[in-house]
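Before anything else, here's the structure in question.
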Amino acid sequence: MTKPLLDVEDLRVRFHLRTGTVEAVRGVSFQLGRERLGIVGESGSGKSQTGRAILGLTPPPGEVKAKRLAFDGIDLLTASKKTLRTLRGGRISMVMQDPKYSLNPVMTIGEQIIEAYQAHAKAGRGEARDRALAMLEAVKMRDPGRVFSLYPHEVSGGMGQRAMIAMMLVTEPDLLIADEPTSALDVTVSMEVLRILDELVTERGMGLIFISHDLKLVSSFCDRVLVMYAGRVVEELEAKNLREAQHPYTQGLMRCLPTLANDVRPLPTLNRDPSWAL
Amino acid sequence: MTGAPLPLASESSGMRAWLLSPEPHSRWQARLGRFYLGWRAFSRNPLAVIGLGIVILLILVAIFADVIAPYSPITGGDLRTERLLPPSETYWLGTDDQARDIFSRIVHGSRVTLFIVVLVALIATPIGLLVGTVSGYLGGWVDTVLMRITDIFLAFPRLILALAFVAALGPGIENAIIAIAITSWPPYARIARAETLMIRNSDFIAAVKLQGASTPRIILGHVVPLCLSSLIVRVTLDMAGIILTAAGLGFLGLGAQPPMPEWGAMVATGRNYLIDQWWVAAMPGIAIFVVSLGFNLLGDGLRDVLDPKAAK
Amino acid sequence: ATPPDTLVQAWQMDDIISLDPAEIFEMSASEINGNTYERLVTYDIKDVSKISGQIAESWTVSPDGKTYTFKIKPNRKFASGNPITAEDVVYSLHRAVALDKSPAFILGQFGLTKDNVKDKVKQTGPLEMTLEVDKAYAPTLVLYCLGNSVASVVDKKLVAQNEKDGDWGYNWLKTKYAGSGPYVMREWKANEVLVLERNPNYEKKTPLARVIYRHIKETASQRLLLEKGDIDVARSLNPEEITAMSKNPDMKVQSAPKGTVYYLGLNQKNPNLAKPEVRQALKYLVDYQAIAETIMKYKGDVHQNFLPKGFLGAETNNPYKLDVAKAKELLAKAGLKDGFSVTMDTRSTPEIMGVAQAMQSTFGQAGIKLEILPMDSKQALTKYRARQHDIYIGNWGSDYQDPNSNADTFAANDDNSDQAKAKPLAWRNAWDPGPLTAKTRAAVMERDGEKRAQMYKELQKAVLDDGPFVIFLQQTEVAAVRKNVDNFILGPSFSDNDVSQAKKN
Amino acid sequence: MASAVMNRGGGHASALRSSLKNIAQFVIVLMTTLLGLAAVTFFIGRVVPIDPVIAIVGDRAPPQVYERVRQELGLDLPLIQQFWIYLKKAVTGDFGNSVLTTNPVLTDIANAFPATLELATLGTLIGVILGIPLGILAAVKRGSFIDQFVRVLGLAGYSIPIFWLGLMGLLVFYAKLGWVAGPGRIDVTYSYLYTPVTNIVLLDTAMQGQWDAFWDAVSHIILPACLLGYFSLAYISRMTRSFMLNELAQEYVIAARVKGLSEMRVIWRHALRNAAVPLVTVIALSYANLLEGSVLTETIFAWPGLGQYITNSLQNADMNAVLGGTLVIGTAFVLLNLVSDLLYRLLDPRTR
Amino acid sequence: MLDIQNLNVVFGTGRLRVEAVKNVSFHVEPGAAYGLVGESGSGKSTVLRAICGLAPITSGRVLVDGKEVTTPRSKAFYRTVQMVFQDPYASLHPRHTVDRTLSEPLAIHGEKKDAEARILQALREVGLGPSFRFRYPHQLSGGQRQRIAIARALILRPKVLLLDEPTSALDASVQAEILNLLDDLRRRLGLTYILVSHDLAVVAHLCERLLVMQHGEAVEETTADALRSGDASNAYTRSLIHASQGFTRVATQPAQAPAA
């Protein structure tokens, strides 16, 4: 790993609310090469906000601070809006959790992919269309021509998620952030989607940040895992070593899952130690 | 309000802590706490606070009208010498065509305005709420029939319907109010119905159904309270419209009966002197404007508190 | 600005419902009729007792006072170009009686009915016709009635062309025109505009080519239009606006007393109002002068008798004035020391409303709680005619220029029962005037002008003293006119408002 | 104001069948609404304490005239029968004659409705053209000065008595400044230069090439139209703001930003395109409200529109006219509902 | 205890017609826990809703305690069968305190007299203290809400509890707590469960027997032990088992495509 693709140091995201200030992300640091990085943690632990902060998409009352936030040597914190815009979608993309909400309901899937492509490549309509169709094919859509002219509500969740991936990958980004890309999908379907993501990463050599709360999944899918708790990274380790995690939080998370293999009863539960959040 | 994360820095005093306690010890504390949270959200909006101030002022003025008003609102002075006088030290806001002190009339008129507003709210809101929730919850032909009726009322020219009712019942402030109420419920029914449609398939309604609750119980105890907030917001926002409709009826001579100091009727009379004796119409006009604005601002603020999804 | 050959007037004229002379009964329509049609006779608007021929060249009354013979002016033409003959006159009268619309009674009172009119009104020569009445009425009464709009002469040929199913051309003439007056009615759009145009066949050509009446309900709008010069005459301004106009160097204010009186009708079915002392007391509880000088400034003068100034025998003395003490005394005598509550049906026009409130205030001083019930005029009338009011505040305009018009309604009541056919004002207020009815009937037959006037004076006195009417004003019509308009004339009745000689400099 | 509640469902199926079904549905809705309106209006007409006969024959009519007219009007028949007779006639397009104007009601409405239509359309256009951008701006710059400005502007629109604003407008822009023409639809000088065909003055004059007359008509309509426009602007801008805020908070907007689209494109092409769906209903509603004819505006501007016509008729118990007018407004309302429904379907693929 | 025979549920008519449940039969013994698994839209929830009258039974029979249920369900039925919903955020009335939520069923059934005690007891049963009594749902975490929902279901002392994915909206650690609670309650109160879940491990953990559903049809009835040992006769069941083991990079047989 030479120069990292993404370099994050001491990332903080704050929300100034009526009820006080909420610090959603508190000093997260990591580096990412062309690999699969998983971020896990319970709901509200700051996974999504970390992902969004990288893209500069922290919602309005939020405020982002970091010692360093660089993508391929470009400082994302000081970059102009224009630079950010070309990076966004062009070199960094994001797949979101639920295709039902993250596709524009009044535009056809094809239009939305073309739009993404044309935002970054000077291409005619015909060429963009070809690219979009090729991309739909690349995500294993069975009948790309038909899906192209469908509206989001006319496709199933799995198809929608694949369309979303196609849309985000049509510009061949270097970094893809996938924020729980499969949690709205069926187990069987989600396996398919993951397989597609996996292939694209391996074939194109992208960096991937995979956000999920499913430890089992992350451990089997990613190379490296960040475990987050209350806005902090409590542990960083190789995915395959997840079972040997040191931090009691990670251990707890691993153990409290019922498995088919061994039936523990009662299931062990997590005893939260306030010091974890410090 | 979703599970709000705990504030990092909160200089919570005893009272506040008690109010905001995540573990209230009684129904009252829970309710007050909720109210306090709402108030805090509300009070962050300076315009809304101004609105509330105006409405409170209106209420105070209405209560203490007798004390505040320097003259009688009904019997005027000498027609020959005290008629249509411009604002002065003796008559702060001038006098009208019957040589009455406009300020005193406006002060007393606040009672009428308040009366209108409260009564319309008390008549129209329950009708709209009931029609809307019943229609939305039961669905089927009940829904079709009720909504058709609502549509008919909605398609009716509003002022015309009010005029017709006033014509039928005879002029007078009470009848004007009934007329306004009868013409203003359909939008409320629509809102309540839309809201009900969203609620009726939710799990918590299914849950009470599973406990064997009867339909009236579900509608009154579970559906209505949820529709109420958006309706309250809407009614508050409509207050201005209600006052103005009353004024419009007054303007057409069908609202309040003279010499009742109803603001709309006052503006209506003042219209005849609009160009040379501007104050006759302008003063009650400003009063209407301020109060409507007050209700509107209040409604806007309430919307933020009660109806967080609409506020965003 | 308005074109130099066109006079534009703004007026509240939503009362026009028909332009057929046989049906016209409203103020605005009468004025239009006056300027577009002619009648057999007319009177001098400066001195209404001077009656002259308009279409008639001359007339005679038979010694028994029952047959009138008219000679028609030769060589005159309708606007259509058809000559005016006795045949047209006879047709017009037949038509008015046969159609039997609201004003038909003006002719009907002389014994003319649908069935007998063909015998009573007859053509006796190309330019000569006779009219036979049932009794020997005072000739002035008959002539005044023949000067009324209902007796307008219509173009028989033209009307007959447009007749359908024996309707006497009524459905056509309602909105069209078939006359011979100085102007032709060219277009009428209800509630919007009415256009008069010069009649090329009229003997005395009008200086203006066109007169336009615009219906503008809002008085403030009228005023702004007038000030800007977008209209030449504003007809419906309120007193304050008139005051402002009178100070404007570009304007002049014209006014004329009209044959209309404002009054309170006190329903005798109300036990309180039925007491003579109460009736009197109320007459002392109106601040006549203040009302005339403020709320009704320019709009009326104090007048307390039922005959308007200018009518034969009209009284001009106004004995009552605001006197609370006297009123209280009278009330005490009536056993109502502490006053009483009473309602007043009030049309919701600014003037009437203003007057009513002023009265509310003075009544209150004597302990009478007056509740004003504002309502629309039609509604008030409906109630009034059903005798369901306590007090009705309104006005009464005479139907024709003869004193009988008002005496018949204020001082006569043939049948005071609820089922009565005729509903004069006396009946509406459930008042039985006793001997006054007979006196009124007698006055109609008196052919000696002097004596007749004396009879009306007596009638007025009786009503003034004891009648259930608090008459307080005689209406004045007022208009603000731009300085460059000349010869715009407001006459004693609405049909006499004359624009035929108006011109602009 | 009326609500902007949307609850239109729709399935996915062959367009023809659904549109056929829609037409049938529409006709049923129209018919029941009109029948309901007619019934309510009719019976209101009978309880109004005004004797319709007096409205026709006047106060002084002798008793026999009165009685005759009463019979002519059919007032001696039982109520239900009267209503039935009315309905039978109405079906054949005969709404009777207006007492006040003596014209057939249909003719009157053909005069009055275009006047209102002209004014309401222009007013709505102004409201839409200004209101939507203002609403968007307020939503995008939430909490900023412009947001507060739009809010106060809107609130003022809700709160100011229209008759006051109308007269003040006339006083300032007509009497004092002379920028616009006064009350009325067109100056007399121009009123004979064209023949009324549609009774929409702007359309008639323009079609007949009478440009002087056209501009005069424009100068007359502009003030009342702006006034109505302001009121619809107040409503539309606020609704736009709230819809836009709603859309801007959606995930797909973030997705659009993720794609690197410009903010303009995100707002106009994505958020507004979605906000347009409920907005259509709001605009239709506000248009419908204006179409009812604002009695007060029409009175002040001497505008011979439907609102004045109906009010006037009502006050004179001219029930044929009131009924006709109400039915026209009812039809307009249902039609607008239909149009907004169709637009809704067009804009929102989910309901197709 | 519970007998479902040839249950069919059809929603809508014409082009909107959906056959959500097709000919499903199963039987649950008193005190047993029975699982329903399958992909999204396979009709699992609909089976539960049909049992308790929230979805129409088009044909087939539902017997509780050997007696066929009536439509609408009798009050007695609701005292026997209760349900816990999937989304703890949606299953509590947002404007009602816990106290109100729990007293509602008592009020409906006219059992007001010892309400106070029973509410406190119900809270205790689901492992919550009295301090939760006057809270609003927004003052509770997801797990706590689900406990309240369970308490509400239990307060009428039903014999059968229908659980519709009671833990799928919760974090893993919270899920464990709820599963333990359910396990514990069943033992203590002798309840009968029907559990719907798409998570095989959860079903296997709680239930002895389970039914695999696909497209509204029952594909296979099997036991938890069979699942654990991995022997499933049906291909679809196998693919479910496989998917539940996490992501495997080796190219495998693509799973069943989702229904469009």
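In this document, chain identifiers A, B, C, D and E correspond to the written order of the chains, with residue numbering beginning at 1 in each.
Keep this in mind: a residue touches a chain if its C-beta (ideal position, glycine included) is under 8 Å from a C-beta of that chain, and two chains touch if they have at least 3 such contacts.
Protein identities per chain, from UniProt: A = Peptide/nickel transport system ATP-binding protein; B, D = Peptide/nickel transport system permease protein; E = Glutathione import ATP-binding protein GsiA.
In this text the structure is predicted, and so the values were computed from the model without any measurement.
Enquirer: Moving only between chains that touch, what is the shortest number of steps from chain C to chain E?
Expert: Step count on the best path from chain C to chain E: 2.
Enquirer: Which chain is most remote from chain E in terms of Cα centres?
Expert: With centres defined by C-alpha atoms, farthest from chain E sits C.
Enquirer: Farthest chain from chain A, comparing Cα centres?
Expert: The most distant chain relative to chain A turns out to be C.
Enquirer: Return the chain pair with more inter-chain C-beta contacts, choosing between C-D and B-C.
Expert: Greater number of contacting C-beta pairs: C-D.
Enquirer: How far is the middle of chain A from the middle of chain B, if each middle is the mean of its Cα atoms, in Å?
Expert: It comes to 48 Å between the two C-alpha centres.
Enquirer: Nearest whole angstrom, what separates the Cα centre of chain B from the Cα centre of chain E?
Expert: Whole-Å distance between the two chain centres: 45.
Enquirer: So how far apart, in whole Å, are chain B and chain D when each is placed at the average of its C-alpha atoms?
Expert: Computed from C-alpha means, the inter-chain centre distance equals 25 Å.
Enquirer: Please tell me the distance, in whole Å, between the geometric centres of chain A and chain E computed from their C-alpha atoms.
Expert: Taking the average C-alpha coordinate of chain A and of chain E, the gap between them is 32 Å.
Enquirer: In chain C, what residues contact two or more other chains?
Expert: Where chain C meets two or more other chains at a single residue, that happens at 218, 220, 224, 376, 379.
Enquirer: Two or more other chains touching the same residue: where does that happen in chain A?
Expert: In chain A, nothing touches at least two other chains.
Enquirer: Among the residues of chain E, which are close enough to touch at least two other chains?
Expert: In chain E, no residue touches at least two other chains, as defined above.
Enquirer: With touch defined as at the start, can you tell me which chain A residues reach chain D in the complex?
Expert: 52, 55, 57, 60, 85-90, 93-94, 96, 98, 101-107, 115-116, 119-120, 151, 153-154, 164, 167-168
Enquirer: In their shared complex, at which residues does chain B touch chain E?
Expert: Where chain B meets chain E, its residues are 1-4, 22-27, 29-30, 34, 202-204, 206-214, 217, 221-222, 225-226.
Enquirer: So in the complex, which bits of chain A are touching chain E?
Expert: Those residues of chain A that touch chain E are 42-43, 142, 155-159, 185-192, 194, 198, 213, 215-217, 219-221, 252-253, 256-261, 263, 265-270.
Enquirer: Across the complex, what residues on chain C touch chain D?
Expert: 2-3, 6, 8, 14, 17-18, 25-26, 100-105, 108, 174-175, 189-193, 212, 214-218, 220-221, 224-225, 227-228, 230, 376, 378-379, 381-383, 385, 399, 421-423
Enquirer: With touch defined as at the start, can you tell me which chain C residues reach chain B in the complex?
Expert: 218-220, 223-224, 238, 240-241, 243-244, 287, 290-291, 293-295, 348-350, 353-354, 356-358, 360-361, 364, 371-376, 379
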